[in-house]
Amino acid sequence: MLVQMLTLANAVVAATTGEGFWFPEQASTVAGSVDFVYDLILWICTIAFVGIMLAMLILVVRFRKSKVLVPQPSPTHNDILEISWTVIPSIVLVVLFYVGAVKYIDMRESPADTYDIYVTGRKWSWSFEYPNGYTDAALHVPKDRNVRLMMQSEDVLHSMFIPSFRTKMDVVPGRYTSLWFNATQTGTFDIFCAEYCGQNHSMMRAQVVVHEQAEFDKWLAEASDYIAKLPPEEAGKKVFETSGCKQCHSVDGSKGIGPTFKDLFGSTVTLSDGSKIVAEENFIRESIYEPKAKVVAGYNPVMPTYEGKMNAEQMRVLFAYMKSLSAQGGAAP
Amino acid sequence: MSNNHHNENDHGGHPSFLAHHFSSPQQQYDAGKLGIWLFLVTEVLFFSGLFCAYAVYRFNHPEIFRYAHFFLDTTMGAINTVVLILSSLTIAWAVRAVQLNQRRLAVGMLVVTLLCAAAFMVIKYIEYTHKFHMGLTWGESFAPSAEALREVLGEAHGEVLEKPANLHLFFSIYFCMTGLHGIHVLAGIGVIIWMIVRTARGDFSSEYFGPVEYTALYWHIVDLVWIFLFPLLYLID
Amino acid sequence: MSSHDNETPGATHAHIAPISTLMGTFIALLVLTVVTVVVRSIDLGSMNIMIAMMIATIKAGLVAAYFMHLAYDGGFIRVAFFASIIFMGLFLGFALLDTSEYQDTIQWHETLKAKVPTEGSAADHGK
Amino acid sequence: MSTTNYLTCSKGWKSWFLTLDHKRIGVMYLTAVLSSFALGGLFALAVRLELFQPGQQFMDPTTYNRMFTLHGAVMVFLFIIPSIPAAFGNFVLPIMLGAQDVAFPRLNLASFYLWMAGAVFFLVSLLGGGIETGWTFYTPYSTTTADSSVVSALMGVFVLGFSSIFTGMNFIVTIHQMRPKGMTWFKMPLFLWAIYGTALIQVLATPVLGITGLLLIVERVAHIGVFDPALGGDPVLFQHFFWFYSHPAVYIMILPAMGIVSELIAAGSRKEIFGYRFIAFSSIAIAILGFLVWGHHMFTSGQSVAASVVFSALTFTVAIPSAIKVFNWLSTMYKGAIVLNTPMCYGLSFISLFGIGGLTGLFLGTLSVDIHLHDTYFIVAHFHYVMMGSTAVAFMGGLHYWWPKMFGKMYNEALARVCCLFVFIGFNLTFLPQFVLGTRGMPRRYFDYPERFQFLHQLSTIGAVMLFITFFVMFSYLLHSLVRGKPAPMNPWGANTNEWKCSSPPPFNNFDVPPPMENPYDHTNLVFDEKLGGYRAKQVINS
């Protein structure tokens, strides 16, 4: 009964304020119930708040005095009143705790049959490793399937936040945290980092793309095969975009956290100890595996190592991509 | 009203040790005593952070603590425990002596307390230098020398026990706990010296002995913390 | 509190500990210290730490009660002191409860970290 | 009536900087916390202006991160926590009791200088480049960031913690031991009950902040690894350490504000406060329950499910005593003789803003909803409603209420009421849109944001500018009143607590003879006197 009334009331509000005045669209199985509890609390609070405000205004208007300041005699305490405004809110609060906790346990403890994707957060990018080992910068998931994200961080705290799925979980270095959802709509939705992680915290965004199962399988098969299928420069571009290079190295010559890749390959760079070195395969390979060994002058040694995270094939196409960006490397873009 | 002197205690006047805003020595004494106890409460909670860190790591990684305790010298710890208990007795006795106007006895007891405190710090110093020498320091700088490991663990233990990961965490906690406790002992030494001077000068009497008692209370809490540190750090296993 | 309501001006009333109490407490503390060192050599498994903590608590209780006069000073001082212990217990209790609950996610991470991650290693991820 | 008062009884800088008088220390605190408020406000304005549009306006991301960190740290540690207890508590607590001073005047001065030392440490870290860890100092970011100013900021936090502890200790002892004959527990004004509850939290919680700060400094300097996962430590353990203090600290901020509001509503309604004992005990209940709920800051942080469920259940219990207070304030107004003077306006403003702040807490205590709202602008809006909408508004109310007593001058009432209204409007304009932003998924601490959030951010920024201008006007007329203000009567609001029974400003000694200890909320014996411009007892008692 109450539920029906609430649903009706919510529909009226939605119709008058426009769809989604409060929330982004609902795209997971839990979104509906989270929004429902939110609306429930919203109504309780609205009624309570309007009640308090009305009482206050009426009292002010009714008992306001401009000059003669003699209060009328009135009781100074009333135990029945005190007990009732202690007990009634308590009952409401117990209900709220219960509905919140039940859903929370459900949201935290993943069902048995999940499709697992391994997520790595780092300053300031996400990468998603699918069961076949393919890693992508975007999260692709099949619709109507329980998906579990197993998340770890390489440096500091991050937090995986998908507003349309109404879910969020911190990514804590030194351990795995997990999060599960079941997407109910195809489309593209935002992923934000919700735990402050430094300079580019607000740029640490990604996208979740929800496909139908068949489409998802097709996408994964094609995407996993990119090095063989694409020309080396394009495959290298993909490595550049999915491995986390993009967040610190620009390709248009602008200065980022690290040196730009434009015209880098084949050029001579000055290191922080003053020596000069030509940026060719060996130097760049060392910079990727042991970033702190030789640091280009003017930059901080902040790059994480990619030892074990980037194989020779990926590096080969990355070099091809870097060459394509460099005047010295041959083909200018 | 322009007269700032307050005149509640006209009869008998104000004793020299009574601050102007108190109406009687009893009120001053009670206020001071409640104040020092509240300070001790904050001390307990201050140390609770370290006890919390200890409990969390000991409970979740007992292997670190089992392995690491071989590096601590139980005899030294036990001697220090006895030394602190003795100092607690003498300072409690000093309070009694002041309350009974036994000035010389009070000074004597305070001096013994001071000597105990100094002895504690000397033993601590010996322990610390030994640890530094063996490379048993905190966190990142933890690098025990091979001989140190063999010397301490001996043949038997060295072979049986596998060195656990993150062994340095024990020493981080050990140095934080004993270090913070040591700082409290040092502060106590300072206050006790001041109390010796004031007692010898004759500031205190059966009428006015608050500061000595407050010092004693502080000193007891230092002892109390050590009573827990001793089994937690030295008597593992 | 407000014991100053009925005082005679000039005098300060406080409990004076008899020498017998002081010496008795001291000897009890020494005995308990010896006991705690001796008990340690008997292997009782996880009971060892419980016993050691119990002895330490008794010792602390003796110091507080007799050296610190808590047995004679009633009222708010006692409340405050026990409050500090209770809040400390609260802090330790919750931190311990929570950290031990999620320990498995740390251990799992440690085991996986030990392996060198390679292409396709995700296949053998899993609990 | 005497001509010398605590302001004029002695002269020279030494008579201020070495004073042991609780009133002068209170005034020094007031100056200090208001300066911090202005500084923190400037940082806030910078943050809001930067967020007027997506992308970079006039500062880079790192500068922005420093701005919001400093805004948070300065506002929390230098302004809100000491604001009401240290400034007003110091000034009125002994007078309200009828005592001559706090129990430990020297400790009181020492805690003021500890505050100054803390402020200096903050300034050092500001000049050293600022900090960008967020005021929460979460590890491992705070232990690995290149910013070396973190250590001096943490030293500041440590020292400020002890300042707060000493203030709390002093107040507890004063209330226990310094009450004159006749001043029983239940004749204490409700502000003192609130201050007492606050002091309990200060003494019991702040030491944990001290050790947390110390451990973090050691972690940064010596890399001990207790909180650093790279060395086997546990970053979530740090959050337990941090919130064990910082959640109770929220009640250090709000409890004294509630105490002030009890005074404002009682005086403004000219009626005996309704449910005195319920309000008094609810303060103590909040102080104790406030310790049981810290884990609700960690529902998505990797805290275990079991702990989250327990903490959520405990969190809801705190709502009850807060609700009790609101209902009792409203009942106090019933059949009162309500005067809409400036303090009362702030009191009413508090009730509405605290209503929103408190009720939105229900969304966050409810576990499943909190997952979505955590670390979004919804949180930002919620805690600003509590900290600024409630505490800072109550602080302003207290400032206008006790200003005549503190400085013996009246400010421009009409202008003050207009400012109160504009604070209310500006505040709501700033923070109401943020609830919507948060629910729509805008994370906090973001330098840049998707364009769809822009309109709401712009509303918020306009509100912030409005607030800034209003506060500027407020400080101007307050300062103006010091020079040109009408002399204040002894009792301008018709309240019956003891501070209104001595002259404005009070004499050095507060009272030569403690005032008669009556019911502090019995206003029936006070009548308005046109000649005085204030209230006086019905029968003039010549002394």
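To keep things simple, chains are lettered A, B, C and D as they appear, and every chain counts its residues starting from 1.
In this section, contacts are C-beta pairs under 8 Å (C-beta built on N, C-alpha and C of every residue); 3 or more make two chains touch, one makes a residue touch a chain.
A quick note: this is a predicted structure, and the numbers were derived from the prediction, not measured.
Visitor: Could you name the chain whose Cα mean is nearest to the mean of all protein Cα atoms here?
Guide: Given all protein C-alpha atoms shown, the central chain works out to be D.
Visitor: Taking the mean of the C-alpha atoms as each chain's centre, how many Å separate chain A from chain B?
Guide: Those two chain centres are 48 Å apart.
Visitor: Could you tell me the distance, in whole angstrom, between the mean C-alpha positions of chain B and chain C?
Guide: 15
Visitor: Between chain B and chain D, what is the gap in Å from one C-alpha centre to the other?
Guide: Between these chains, centre-to-centre, one finds 35 Å.
Visitor: Please work out the Cα centroid separation of chain A and chain C, and write it as a whole number of Å.
Guide: 42
Visitor: Quick one: which residues in chain B touch 2 or more of the other chains?
Guide: Residue numbers touching two or more other chains: 27, 30, 34, 38, 41-42, 44-45, 48, 52, 56, 165.
Visitor: Which chain A residues reach two or more other chains?
Guide: Within chain A, the residues that touch at least two other chains are 174-175, 177.
Visitor: Can you pull out the residues of chain C that are in contact with at least two other chains?
Guide: Only 1, 4, 76, 83-84, 87, 91, 95, 99, 102, 105-106 qualify.
Visitor: Chain contact graph: line, ring, star, complete or other?
Guide: other
Visitor: For the complex, which residues does chain C have touching chain D?
Guide: Touching chain D: residues 1-2, 4-5, 76, 83-84, 87, 90-91, 94-95, 97-99, 101-102, 105-106 of chain C.
Visitor: What residues on chain B touch chain D, complex-wise?
Guide: Spelled out, the residues of chain B in touch with chain D are 1-2, 4, 6-7, 19-21, 27, 30-31, 34-35, 38-39, 41-50, 52-53, 56-57, 138-141, 165-166, 168-169, 172-173, 175-176, 180.
Visitor: Please output the residues of chain D touching chain A within their complex, sorted ascending.
Guide: 61-62, 65, 132, 134, 138, 140-141, 144-146, 229-230, 232-236, 269-278, 299-302, 305, 308-309, 312-313, 316-317, 319-320, 323-324, 326-328, 330-331, 333-340, 348, 351-352, 355-356, 359-360, 362-363, 365-372, 374-376, 436, 439-441, 443-450, 494, 523-524, 528
Visitor: Mind listing the chain B positions that touch chain C in their complex?
Guide: 9, 11-12, 15, 23-27, 29-30, 33-34, 37-38, 40-42, 44-45, 48, 51-52, 55-56, 59-60, 74, 78, 81-82, 85-86, 88-89, 92-93, 95-96, 99-100, 165, 206-210, 213, 216-217, 220-221, 223-224, 227-228, 230-232, 235-237
Visitor: Going by the contact rule set out above, which residues of chain C touch chain B in the complex?
Guide: Against chain B, the touching part of chain C is residues 1, 3-4, 7, 9-14, 16-17, 19, 22-23, 25-26, 29-30, 33, 36-37, 40, 43, 48-49, 52-53, 55-56, 59-60, 63-64, 66-68, 73, 76-77, 80-81, 83-85, 87-88, 91-92, 95-96, 99-100, 103, 110.
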